[in-house]
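Before we start, here is the structure in question, set down as structure tokens.
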Amino acid sequence: MADNYEYILETEHVSKKFGSLEVLKDINLKVKKGEVICIIGPSGAGKSTYLRSLNQLEKITSGKIFIKGDLFLHREKNKTVERIGKEHQQKLLLNMGMCFQRFNLFPHKTVIENVMISPIHVKKINKKTARDEAIALLESVGLAEKADQYPNRLSGGQQQRVAIARALAMKPEIMLFDEPTSALDPELVGEVLKVMQNLAKEGMTMLCVTHEMGFAREVADRVLFMADGIIAEEGTPQQIFNNPQNPRTQNFLKSILNA
Amino acid sequence: MNTLKKITDIKNWKKSTKINAAIFVLVLIAVVILAAVKPSEEMMIGRASPEMQKLIEKDAQSTRKYVTVTYNNMIIINFCSFSSSGANEMTERFVGFAGKVYSADKGKAKVVGQMVNYTYRMLGCGENVMHGAKLTILLTTLTIIIGVVLGIFLALGKISKKKLINKFCGGYIFFFRGTPLLIQLFVIYFSIPGIFGFAWRDLFSAGDTEAVYKGAFIAALIAFSLNSGAYCAEIVRAAIQSIDRGQYEAAKALGMNYPQTMSLIIIPQSIRRMIPPVCNEFIMVLKDASLVFAISLVDITTVSKNIMTSEGSYLVFVPALIIYLIITMFFTFIFNKIENRFSVYE
Amino acid sequence: MRKLKKLMAAALIFTMGAAVITGCGSQKEDKDKKNNNTETTIDISDVKLVNDGVLTVGAEMSYPPFEDIAEDGTTPVGFDVDIATEVADRLGLEVKFINTAWDGIFAAIDKNYDCVCSAVTITPQRKEEMIFSTPYIKNYQSVVVLKDSDLEISSFNDLEGKTIAVQKETTSDILMSDYKSTGTINVEIVANEKIPNCFTQLENKEIDAVVCDSSVADSFLNRNKDKYRLEFQDDSEAEEFAIAIGMENQALQTAINEALEDMEEEGVIKEIFDHWFVTEE
């Protein structure tokens, strides 16, 4: 894969319909390598749907997605127009790692097995290497001593950190976070955000759907405000939080900050 | 290796384990002693009355036999009986225990003798494999193993998005669940060989006198497995569909393809949820095994029914119940083991 | 440690089970004493058999005194068994019985066994599906009541308004159901799987009478003289038991008929009948 791309992730005219309901309306976005983007907005705005359609957990109705300048997906009117080789597509897909609101760890595998499973079975890395890498990753999220526990024995915050380590084990260049702290008790939010912050510092490209305005303000390079399936406003955290232009953004921020 | 060490490390056994072990050893010693001193076969056979002896001698000369000599050896206890047939039947029964032979024509000894005899017959001792408890256990175990494997594939087929596979598996399940097992057994045993011009016994060499039973067993196994596969498919499907969607999404996000997702993530998690209904299915099959009498195979239920008919003794159902309970107990234990194995993470 | 306990329980059950199965090794009496007294005179060279040199006979072995399993759990005994054994002997064949359920018993002729000798009544319907040997016993429909019953029955019509028990799918069942469905006799019929259940019901006074074959009735009466009495026997319509043979196997039919004829002439059938149905006082 060529490295001479301008944007690591690009979406063009991405739309999605559930029947007559338009969830995403013609979304265009260009993300540079190392950029941290936070997506905020009221519920039902299509934030999660957009994020999940990037790695095909949701099928888009139409639009194009490019990863590292390579066409990853092109659909029009619910049909894939350009057939992209399955292997190539898979390769591009593996550039993205994802963390879920509900962690979705594999409960029947220990923490370290959760981290190792994909490198071993998908990337066909040998067990020894995978194990060493997994331990290093768990150390980086501060959970090396929990390696042989089952996920159900961990707190929500710890589980989410394992989930991050699991996603990182595939060495992605883009990390997608789908409300990673929404399901956590308030006192556990901090530990997860800290891991994410570190990740951002190391130069990871991140797309993050979040309700943590503090985090967005501090870490994000760019904030997108989504409402009714469109990006209603975008800009730097300062622009969005201190001087929102769109009345909807103003209303949304007002309601959040007053709550 | 670790478990072996744990077991051999007697000093660190729990107290209750030690007591159990001691009881076990004592029982074993008692059994060995009792088995050693029990009366021999010759001793028992020798007890026949002179009249009976005469009849037995007469039998040796003729084609038709009039006396049936029964000798049942049940580890610690012996049962022996002589019965002449016909309208003027004569029966002499003996029970051998702890070095002595007791007449078992009436009273408690009679009940003991009957129990030994009935148990012996139900276990299918001194018979080929396709008989009594041996048949029941073999048929049920194999059926469940094949049924579950078949069920997993059928369930995957039924939830598959490929129309043809989906339709086929759906139809299969509908067909086998929608028709009685006995009829399926008849179709497989009688109709199919009729249509295709072969016989089940042809699977075995012509000189094999047990070929009929072996052939019937194969046919029964096929019918039972195909049927059980349909029921297991629904169990497996329900278990698979009870797994959270998030598990599929996580697997997909990690780049796993469908077979990997199923075999590494979904099926291992659903096994634990399958066990209780599969255990039920096992017990259903255990009971249904008596249907195979329709194709000349004799299971526990059939043996006990036959004994009931010919001797009119309702006592026969006591050993039958006990044998069934022991079988169910053993297999429930195994199912629990599997369930525990797959639920360590809970 | 609970694990260990369970393990031990399993081991105990398992070893006991294994010991039972191995411990009671085969102790079958030697049934293969071949008897060569009778010279074979019947030609069976063109008879096709399921197993060479063996006459394989299907029967439902729970219809005493016609067929039953002896106490050893393996030896077939009964009137039909003796008849079939004698026939096979006269054909120079060994005999082998296959115990099978009455349902589907005829479907396996020529597949699992050469013939069925299991108290099979000759009926017109059956004649379309199979061929029969000459009958070897005649049977009559009988009505059995409790010894102290005050029922008086001189024809089936006297059963009007009564409740009777029959064995399912037997000629008694078919006959009585016919009477009922045509409206000739208004009788309540209880159909049981096994004949002893009918007699238990009679004893418990759940029903008024049992209708069954005369030979079955005879044997039950013989054993329970103080309980039951034979109230009526329909001598007008004899029912004939014969060996059922596959449609294609006329050669076997001829051979069996010859054997039965010889047996009749030599009085062997009567001897067997007396052995099974006539008590010495």
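So that you can tell them apart, the chains are marked A, B and C in the order they are listed, and the count of residues begins at 1 in each.
Everything that follows uses one rule, which is that contacts are C-beta pairs under 8 Å (C-beta built on N, C-alpha and C of every residue); 3 or more make two chains touch, one makes a residue touch a chain.
This structure is a prediction, so every number in the text was calculated from the model and none was measured.
Asks: So which chain is farthest from chain B, going by the mean of the CA atoms in each chain?
Replies: Using the mean of the C-alpha atoms as each chain's centre, the farthest one from chain B is A.
Asks: Nearest chain to the global Cα centroid?
Replies: When every chain is reduced to its C-alpha mean, the one closest to the whole-protein mean is B.
Asks: With chain centres defined as C-alpha means, what is the inter-centre distance between chain A and chain B in Å?
Replies: 55
Asks: How many angstrom lie between the centres of chain A and chain C, each centre taken as the mean Cα position?
Replies: 78
Asks: Rounded to the nearest whole Å, what is the centre-to-centre distance of chain B and chain C, using the mean of the C-alpha atoms as each centre?
Replies: That pair's centroid distance is 28 Å.
Asks: Would you mind writing out the residues of chain C in touch with chain B in their complex?
Replies: Contacts found on chain C: 1, 4-14, 17, 19-21, 23-29, 31, 33, 35, 37-38, 50-52, 54, 56, 58, 61-65, 68-75, 77-78, 82, 85-86, 89, 96, 98-101, 103-104, 107-108, 111-113, 194-196, 219, 222, 272, 274-280.
Asks: Spell out the part of chain B that touches chain A in their complex, as residue ranges.
Replies: 244, 246-247, 249-250, 252-256, 260, 264-265, 268-269, 342, 344-346
Asks: Please name which positions on chain B make contact with chain C in the complex.
Replies: My answer: residues 6-7, 13-14, 16-17, 20-21, 24, 27, 31, 35, 41, 60, 62-66, 68-75, 81, 83, 85-88, 91, 117, 120-121, 123, 125-127, 134, 182, 186, 190, 193, 199-201, 206, 209, 212, 216, 293-296, 298, 302-303, 305-312, 326, 329-330, 333-334, 336-337.
Asks: Which of the residues in chain A end up touching chain B in this complex?
Replies: 52, 55-57, 90, 93-94, 96-98, 100, 102, 104-110, 117-118, 121-123, 150-152, 163, 166-167, 170
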